[in-house]
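Should a chain be cited, it is by its letter among A, B, C and D, assigned in written order, with residues numbered from 1 in that chain.
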Amino acid sequence: MRKIGLLTSGGDSPGMNAAIRAVVRTALYYDMEVYGIRHGYQGMIEGDIFQMKTTDVANIIQRGGTILKTARSDAFKTDEGRKAAYDQLQKHGIEALVLIGGDGTFRGAVEFFKQYTIPAVGLPGTIDKDLSGSDFTIGFDTAVNTAVEAIDKIRDTAEAHDRLFVIEVMGRDAGYIALNSGIACGAEDILIPEIMTDIEDVLCRIDSDERRSKSVHILVVAEGDEFGGAAEVAKRIIERFPKIDTRYAVLGHIQRGGSPTYADRVLASRLGYAAVLALRENKTQVMTGIVNGDITYTPFQQVIKTNAGISTDMIEMIRVLSV
Amino acid sequence: MRKIGLLTSGGDSPGMNAAIRAVVRTALYYDMEVYGIRHGYQGMIEGDIFQMKTTDVANIIQRGGTILKTARSDAFKTDEGRKAAYDQLQKHGIEALVLIGGDGTFRGAVEFFKQYTIPAVGLPGTIDKDLSGSDFTIGFDTAVNTAVEAIDKIRDTAEAHDRLFVIEVMGRDAGYIALNSGIACGAEDILIPEIMTDIEDVLCRIDSDERRSKSVHILVVAEGDEFGGAAEVAKRIIERFPKIDTRYAVLGHIQRGGSPTYADRVLASRLGYAAVLALRENKTQVMTGIVNGDITYTPFQQVIKTNAGISTDMIEMIRVLSV
Amino acid sequence: MRKIGLLTSGGDSPGMNAAIRAVVRTALYYDMEVYGIRHGYQGMIEGDIFQMKTTDVANIIQRGGTILKTARSDAFKTDEGRKAAYDQLQKHGIEALVLIGGDGTFRGAVEFFKQYTIPAVGLPGTIDKDLSGSDFTIGFDTAVNTAVEAIDKIRDTAEAHDRLFVIEVMGRDAGYIALNSGIACGAEDILIPEIMTDIEDVLCRIDSDERRSKSVHILVVAEGDEFGGAAEVAKRIIERFPKIDTRYAVLGHIQRGGSPTYADRVLASRLGYAAVLALRENKTQVMTGIVNGDITYTPFQQVIKTNAGISTDMIEMIRVLSV
Amino acid sequence: MRKIGLLTSGGDSPGMNAAIRAVVRTALYYDMEVYGIRHGYQGMIEGDIFQMKTTDVANIIQRGGTILKTARSDAFKTDEGRKAAYDQLQKHGIEALVLIGGDGTFRGAVEFFKQYTIPAVGLPGTIDKDLSGSDFTIGFDTAVNTAVEAIDKIRDTAEAHDRLFVIEVMGRDAGYIALNSGIACGAEDILIPEIMTDIEDVLCRIDSDERRSKSVHILVVAEGDEFGGAAEVAKRIIERFPKIDTRYAVLGHIQRGGSPTYADRVLASRLGYAAVLALRENKTQVMTGIVNGDITYTPFQQVIKTNAGISTDMIEMIRVLSV
């Protein structure tokens, strides 16, 4: 194998650049050529492809975003689109692919690989950490720390005013960011999609805290909680407790950016390095991951969203620690 | 003068604790007693007052929020409330006041001082920087840096996706935070209350950038812009340019919290120190400020909201730098 | 069990306060009383002991250092010292202990527990991560991120001047901080105690980089590397390559402080919670830890320094990624 | 004027990239061509010159260091060197220069401009803030904040161990960084070159604090203090007070790097913009600066090192606030 293509797809996450760097440098070390494909599958279709040198990845390990850019591609869901994409790979002589992204990135590729035979290895790049096959995903650690820094700041002003704050963090299908940022910030309550929200329970705990003169409350809500987002929750609290000074905040897109933490950089470096070694060992259509500290490989078809590790025990702990 | 009372009032701002520390330590140094009044004027009315020792202000210089807490007080706007407040001061033997807050803090006190004679000195504590009588206010520097860090992160993800982002920062009456964070983040456009927003102009500049294939746009909007907030602006952009991937973000309350920057800590320390010296020199009903590097004193009645220093020249510069 | 004593010992590490908070709140939740012992074993001997309330641990989860302070104690190594310590525990009615610290903390206690029977559970609190019985220790994640932020800054100035920098990070017996910060910052070389440093090899790699016009070099050295610290290494480089602009920096004590990352706060919270549950289940003389995501208990005698997980494979990866 | 050359010289400082961006974009806006000269005057001699486009300065406003790199040049101090430099300018058709650097940058140019007539405007880029002609220099605000964050972290561990720390910050000729970081971190004492250090006084204040059981001390020392650096000071303290646990730390090169603060980015943007306008207005051999908020121009010959604004009053305040 001499020429590999590399792309990032789906939502961007901090550490993707560190992964790109690791793939490029490892491949060059083993005398492969690397072709960067811009804007994910869409760029593959459009032939937005360029050869990458070691200087292209100099000084990017610490930068958020992705220098290869990312995009959605409706065209790639069509036969014509996939054909055009394959033609571009052929045209550039690309013999294998490295794909960095979330579950959609790998699911999106399954159909492609049914039709066109080309070796491919994936890396889990998503802030949501909700992929089977890896204990951590590239970007999660940074996203939680970003959320924690923001919630710490909001707590300052909540304390100053004796306010109740409902804070919405990212996580459409999974509560990992909410759970971990909530524990880390000493949140009084955490609402996540994995656990049915009983709003009466939430209100009851607020009432009980109020009676004990606990004047500051932080509730962390995952955006994907089935009850609704921070605005919804705040509305219900205000209805019930009009005297409590209640506000809400949606942290939003800041959680996707920023310089990656060491953990995300090291994870991205290890996985990028492993992905190229995997290609050399003729592994294909697998996502590299880290399980219990060791590199693992999971077939693309088996990479699904998962909520492993979120249990009612953790919620119980939160309640105990916020007394 | 032997006993002084100290309170924070209005919205909290980073550096208020550094100011509290400076006032307490300077007063103790000069053998005065300091009484902390919690929750601003409301706490004065309710007698939520305690004597402060040097240990009360140990290790707070770097902390956001205010250990004295802050609150609004409708009661203080009534004769009864002010009488109750004065009675509490009498009861504790408090002979002078140091007030940390915004224009409302000082205006709110004017009526009180008409009725009751007690020396008082103020410190400008607001993230909005829109007070006459001081080039800087305690908290502004930190708030802008917080906004800048957040916008930098959002730019990472905007770059990765070629998106247009409309970002709303604080500033109900003044555009200082928007102007400075916008320049610092290389924003393509900035909408502030001081300058009438011509939305057609804004849309026209976006169109022109698009034609030049400038794929990333950051628009910074002050919450108090007369056209509307980020949601409004984004809506109009989406209507006109449905193909541009447009998002908006409201930075919100993170801008009030966090460990203060050196500039806010030094400003707060200098003003707190100066406030106590001013009381010793029998200055009263003045706000200490910094003008061109020097300590100044402005009578409470003359402390008003102002937008000095925001000119169309600055906006011109932004346009030039974002080409 | 009704009354437990709590102390921090050895070098402080970020997250100790989060652990203290978790222990106190969990214990209070289960109707135990908690007695804080200041300055570690020395404070136990001197009776520097106070009852802790939930308010004592309010707003400390995000703070570096340890509110219980820490200290060495030579006296505790003597029979008299240990007797005095035990007498103090008796005097305060303390029936069990929670100890937060490194291997010295637990080894130091073994003799004590031989002489005096009192249940005790430990938490691994050290930035060095070199304890058997836990995949992570409280403070490590924060310390590496602090080192990474510092090295990123130094790289800025190294790039500007085309300099070679030798940067010394903490780690007297273990290279975890050096290895992880080095990978995360794209260091060209990493010197750690686990791997014998062949200085000729190091110089040879520099020479080879120079020939390839790689103008910036970052070498990360663990303070415990057997060849010597950053000053030593820089000296040898300057001798060999007088034309290379070579500098060194010792990051030092900044690595011990700062607001803990989410990972350290969550780890500390989980371990503190687990420690109290362990005492309730009559586990004793064990350190709580996290192995593969699950809580584990390791007898104090078996808690030793270890360098598990540092292999020549990782070093190989660093060489590949820094080409 | 159609073609301008641009270089950075001397020690790098955060915000230089923001200044480069502002110069390039303003010049392009006014239909000038900009030629980047790498490695300062040395690159001018060697002809390391390239035309800059708007994309060269995209996404650099937030980055530390200087993309144009900087270097010392002994050759530029010779007639031959200056002739070679001028020949290169001629060769590239460069008609004017923008110089970003410290006093050495402008002094170094005086001889050059005596021999060769070419318009030039300078920008004050140094973390030391010790230039006449500008209230602030590009990089100072960031450097102080970096120092403050580091000292805050060290204070955490100092508090945990009841230690005395002597911390050395940058400032070879000026105490601005020491003074401001010291005030901001609540340092107990500050030693700066502007004020003769009486070590007996320093020791006496430590003794007095000890008697009052003030267990934590932070002393901030400017590297250029005439008594010596942190190691020297710590040595004397240890000799006198062997029982105090005394350590020292040299913050070093981290102070030069990192993402610039808003203040440095805005300052750099304003000065870069003003520098190009100045060239258009035929101003030459002047440094742009900010005095009392307004843009000023100071002839290169009059730009000297200065310590304006450091007075014994500030030192008095520090003593009062650290009681």
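The rule we apply is simple: a contact is a pair of C-beta atoms (placed from the backbone, for glycine too) under 8 Å apart; a residue touches a chain by one contact, two chains touch by 3 or more.
Chain by chain, the UniProt names read as follows: A, B, C, D = ATP-dependent 6-phosphofructokinase.
Predicted model only: the values in this text are computed from it and were never measured.
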For this session: Name the chain whose C-alpha centroid is most distant from the C-alpha centroid of chain D.
Result: A
Problem set entry | Centroid distance [mean C-alpha coordinates] between chain D and chain B, Å | 28
Problem set entry | Centroid distance [mean C-alpha coordinates] between chain D and chain A, Å | 39
Exercise. Which whole number of Å gives the spacing of the CA centres of chain C and chain D?
Worked result: 35
For this session: Provide the list of chain C residues touching at least two other chains, using ranges where the numbers run on.
Result: 152, 155, 159
For this session: Based on the touch definition given at the start, go ahead and assign the chain network to line, ring, star, complete or other.
Result: ring
For this session: All pairs of touching chains, please: list them by chain label.
Result: A-B, A-C, B-D, C-D
For this session: Flag every residue of chain B that touches chain A in the complex, lowest number first.
Result: 8, 12, 14, 16, 39, 63-66, 69-71, 146, 150, 152-157, 159-162, 165, 247, 249-254, 256-258
Exercise. What residues on chain D touch chain B, complex-wise?
Worked result: 18, 21-22, 25-26, 28-29, 54, 59, 61-62, 135, 141, 144-145, 147-148, 152, 155, 159, 180-181, 183-186, 259, 261-263, 265-266, 269-270, 273, 292-293, 309, 317, 320-323
